[in-house]
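Each of the two complexes below includes chain A, the first together with chain B, the second together with chain C.
Then we have the complex of A and B:
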């Protein structure tokens, strides 16, 4: 009797699941909605509708919606259907699934660690002819940013929401500790400052001087510049791994010591919330977090270049726009019109001011509104000034499949579990080497 | 059939069509969404594929070898086992205690029943987010409560020793209401006369529980073990939201690993192996259960 009940149950479950999957499949289909966004100025009867997938939430999401609205309002012949897909990871997952199903968007935002996977599978359209037809001034893009999306002289990935790590500090806590109103020039200097910033509550650390995120919050991205500052690195461009180099291990040892020896830093699940809530006096975070911090912090905060060790080091990050190779040829120019618009000086000025992402165009910096913004909000100027000093990340994090998480979990083992750095990095290196193998082969196949 | 030859009566034929009409749609859905993926997944476990490349490279048993020789995978199996056993035992026992209590004629009983059941209806993701705040060692509710009795809150979600207990607590909290409702239904189906008989024989509360309640509940307990084990094997939302499988791999269970390999690392082969392992485990468990049921479950 029970058996019957059970099987009916499972059957029902199976049916609901089935219906769910069908509904999902329906969602994924690139339905071209008749209703264009915003109060577009009466789009032409045969306006081309393009689907854009993207990943921003909160303040950044509002800003991107506004970018799309402005585009739709100013282009009667092209309408962008903006579809939010979740985090960078979720967006990449959905693009992957949609490519299998033949329902991929025309344009997608792809983050620094994801665009390459699609490039390797020839899923991205080469953009040079389109850029030329659209008369995009490539020389006006920040060189380090535009060049990251180039393979063998061909552009595939146009910078849009690009960021760098930045040192943030809580000015109130700084003043209370009697520190000068600036970031530490070097990590050695911060080592002296940090103990004065810690606030204890009994035996518990209430406010940490510094915090480390977890793997899912991109600790491997924030640790990347630290390896360079120590003179180490994750890897070479040809995928030779350097996790076990003496200086990379030394940088890891420093991260471990901040938590387990010096005890002025701690791992956290949400660095932004901790900083805003006054639970950490300082943190390295993305410039893209600045908009949210500015809107929510109840105290004055300062920003500074990343501290130095033996060298200065800072990497780029964030996301760019790509046009999918399966986008029909007749739609690709229109897609490029949007990509060019989104990365144009005017839009980048608006976008940067509202989010904290780096203006990807050089000429933005000369715009009067940007100059005025720098005056009003010098914290952002610091970020922009640091930009020319940045360099692209090591291949181990951005080009090895799951490299970010492989390194990130290794770093968690150090910061959270206090494991031996050399042992952990040796294991990480071995994993990275075996995971890189297919990429090396695929690259050889398509780039020779 | 053959003895009758080919002559099928119209009535029989109608019945056959009706059968097809009723079962067909379900069967089709099953075939498309359950059986075919299962077969295809078996194939994927033998290939190397990033879910994008046009070619899937046949690697034979390499994915199996990789998983079964990895220390990480052993930890994941252990996590799955701990999560499942703890969830089932806690949900079953706490649920039974609450059901016994709520089966009494108490004031406000119905309101309490609804409250106990409500977490079952909430989305796991939403619950996960609320519990992140409850567990926060610095400003969380639990820290405050522990403070009253002079205890320091552990760093629940960032400590490899505490993260798994934390997600188990939330999972049990979410599912216990379901067990309570099922238990209560079972309790009410036990004939009163049996209790009276025990009383007449001079048995106390313990004897009533041991000789009437427990045997009377055996089909319900059996059903609950089956459903809660299967549910814990598949628990995902709470883990995804609360710990993302971390810190390090402390809360990575088999199903979470499957997701991670499939949709973060895009390694279809390894995800395929993980889901085969999960399938085999669940299948074996169901078989053992069914066998046991035949022998030990008393239906009224």
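Then we have the complex of A and C:
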């Protein structure tokens, strides 16, 4: 399994992934047992040092470094030693290895598709008593985000860096096509708009109206809401698969038709680059892409809720924080102090503004600095307004080992190779079912 | 020096045969021309294939973010900028990474070459019980994908308490079956008579290895050392896994830090960072290249 995920990792994330820690020296808490080098005034002798593993690089990594710095500065009795461990996948693999070697951290960032595997191995601490002791206001968390980390009424995974899909459009191309300055309300409306957005160069499509990513760029994540919009789904929470349901197949058929029948969409390797380069007039992309698009696009862009079909549908993604079960009991409250701090409204406001991740707390939206940010960056406001309408992803993608890639490869066969949707989805369903089997059994052992 | 006589001889024979050969060489010449054109086309293709990404990397390092994403892409930076270099350098402690990469590469490759040279000697020239079995074991080790060994290596290193240390990064890769295998094969092509002569002169094994085998095998050893240096210098996964803190990290992890998850990557900065990594290896290559060429030439004229 390690080998498999490694190669997948290197392939798909080599280019996109990342998380980091080492940028700023300012926060450096010492390694291992040495006394933390907090402020000079701190009663250092008493301070507990906790190790946090995380996966953010670049500006996101610098922002998280700053979060930790602020924590260490304001908590003289707890010092967080923040350690970058590679992408989401690499971090998860390291935690796996470190659990066996007895070198695991106290707190770890785990992505939406990883935390559950650690839960299955009973490696995560139940958080409810700790949350209560820390007086964390659970009702203030965005419901769809906090509920994703709950099993049998117990919290294991607290949202920290969460994103959602969002509809991005190029305002210049919209204007050139004479379209109103807004996203399409429904896919049917976009069907009418799309042909006017296509720009041809001879027989070649120069600008597509819409683009689909490949499996490595998480097409299964972006297609998840589309299944819901059509009334379908990948699976039920009990791992009953629904890939072959009529409505799921219909959603897949739509994706295929956009490329091969209507011919206004195309599959691409890098949607962000295509959008910035004007090769696609619109795309569904992560809210996390917004900062980069804002910095690099030479045109005005707009954001909108995802288009509807029979329903509205939108999922969430990203990563959250978990406390490892092996963290000594006397350290766990301190670990929760950090988790609560990192997901507090003040920090989430800072974090969202610097990274493009969604603020996970409802009350963030009322903070004056957030209001000011919305003024300055209305595209971000759209993303935040869509957040309460999101729902947790289907188990097939996030809880089945490699489920994301199984579905993603299937979708690639439809969009790129134009294969028969029903056939492909039937195969995907069979693979998902056999991969889910051990998970179902492990779950039965844990949850009864 | 010994080479001059056969060459003189060949020239002489050619001169003698010249009148008779003229009509044939015309055809041969034409073949040569076609062949030469084909060879040059192939050469140009190779250069493009290998050189284009490198060219793209170098020019990318001088482009603004907007220009990197511009479509159609520009072959020459229109607004060349140096801003990417300080940006990349300052976004991570690269000077520390250089130091760590140097330590890891010098010691890592040093050990690897040392063990390869010595164990290959044993496999090629020594007689000892169970030799073929040990060699089979070595071959088996060659077949094991590196990824498979990562977890057991991690657990072992953790048990030694070597997590987040230089020895933790270096020791598991200090001896690699590949080098021993490669050099053994090369050693076996060396003329046995020279070794025997050295033996007769009373040279010890160490003496033979240092004064006879190593000089004769220079091209193979240098080639292997280069491969080893590049591999250690570029290694990403193992150093990432076995270290935790930023002061123990190496250059490739620094590049990785410049990338962004779920966002838009500032490729100019990434390319600038990549240049930091590539340049030292390039210099080593340019320097070591002549040994390889020397060696090949030395071998070629021997017969």
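Worth pointing out:
By definition in this document, the second predicted complex is superposed on the first by the 404 of 448 C-alpha atoms of A that agree within 3 Å, B and C clash if a C-alpha of one lies under 4 Å from a C-alpha of the other, contacts with A are read in each partner's own complex, and residues count from 1 in each chain.
We take it that a contact is a pair of C-beta atoms (placed from the backbone, for glycine too) under 8 Å apart; a residue touches a chain by one contact, two chains touch by 3 or more.
Bear in mind that the values here come from a model prediction, so they are computed numbers and not experimental data.
By the touch criterion stated above, A:100 is placed in contact with chain B and with chain C alike.
When the two complexes are overlaid on their common chain A, residue A:118 makes contact with chain B while staying clear of chain C.
By the touch criterion stated above, A:312 is placed in contact with neither chain B nor chain C. Of the two partner chains, chain C is the only one touched by A:87; chain B is not. In the superposed model, A:58 makes contact with chain C only, not with chain B. By the document's definition of touching, of the two partners only chain C reaches A:288; chain B does not. Contacts of A:279 after superposition on the shared chain: both chain B and chain C are touched. By the touch criterion stated above, A:373 is placed in contact with neither chain B nor chain C. In the overlay built on the shared chain, the residue A:262 is in contact with neither chain B nor chain C. Shared contact residues on chain A (touching chain B in one structure, chain C in the other): 2-3, 6, 15, 17-18, 21, 93, 97, 100, 277, 279. In the complex of the two chains, the chain C residues touching chain A come out as 65-66, 68-71, 91-93, 145, 147-148, 150-151, 154-155, 158-159, 163-164, 237, 240-241, 244-246, 249, 253-254, 256-266. Taken in their complex, chain A has these residues touching chain B: 1-3, 6, 11, 14-15, 17-18, 21, 89, 93, 96-97, 99-100, 117-118, 121, 123, 203-204, 206, 214-216, 267-269, 277, 279, 401-402, 405, 409, 412-413, 416-417, 438, 442.
Touching chain A in their complex are the following residues of chain B: 26, 29-30, 32-34, 48, 50-54, 132, 137-139, 152, 157-160, 219, 222-223, 226, 244, 246-249, 260, 263-267, 290, 293, 297, 299.
Here chain A touches chain C in the complex through residues 2-3, 6-7, 10, 13, 15-23, 25, 28, 31, 51, 55-62, 81, 83-88, 90, 93-94, 97-98, 100-103, 163, 272-273, 276-279, 286, 288-289, 291-293, 295-296, 298, 318, 356, going by the rule given at the top.
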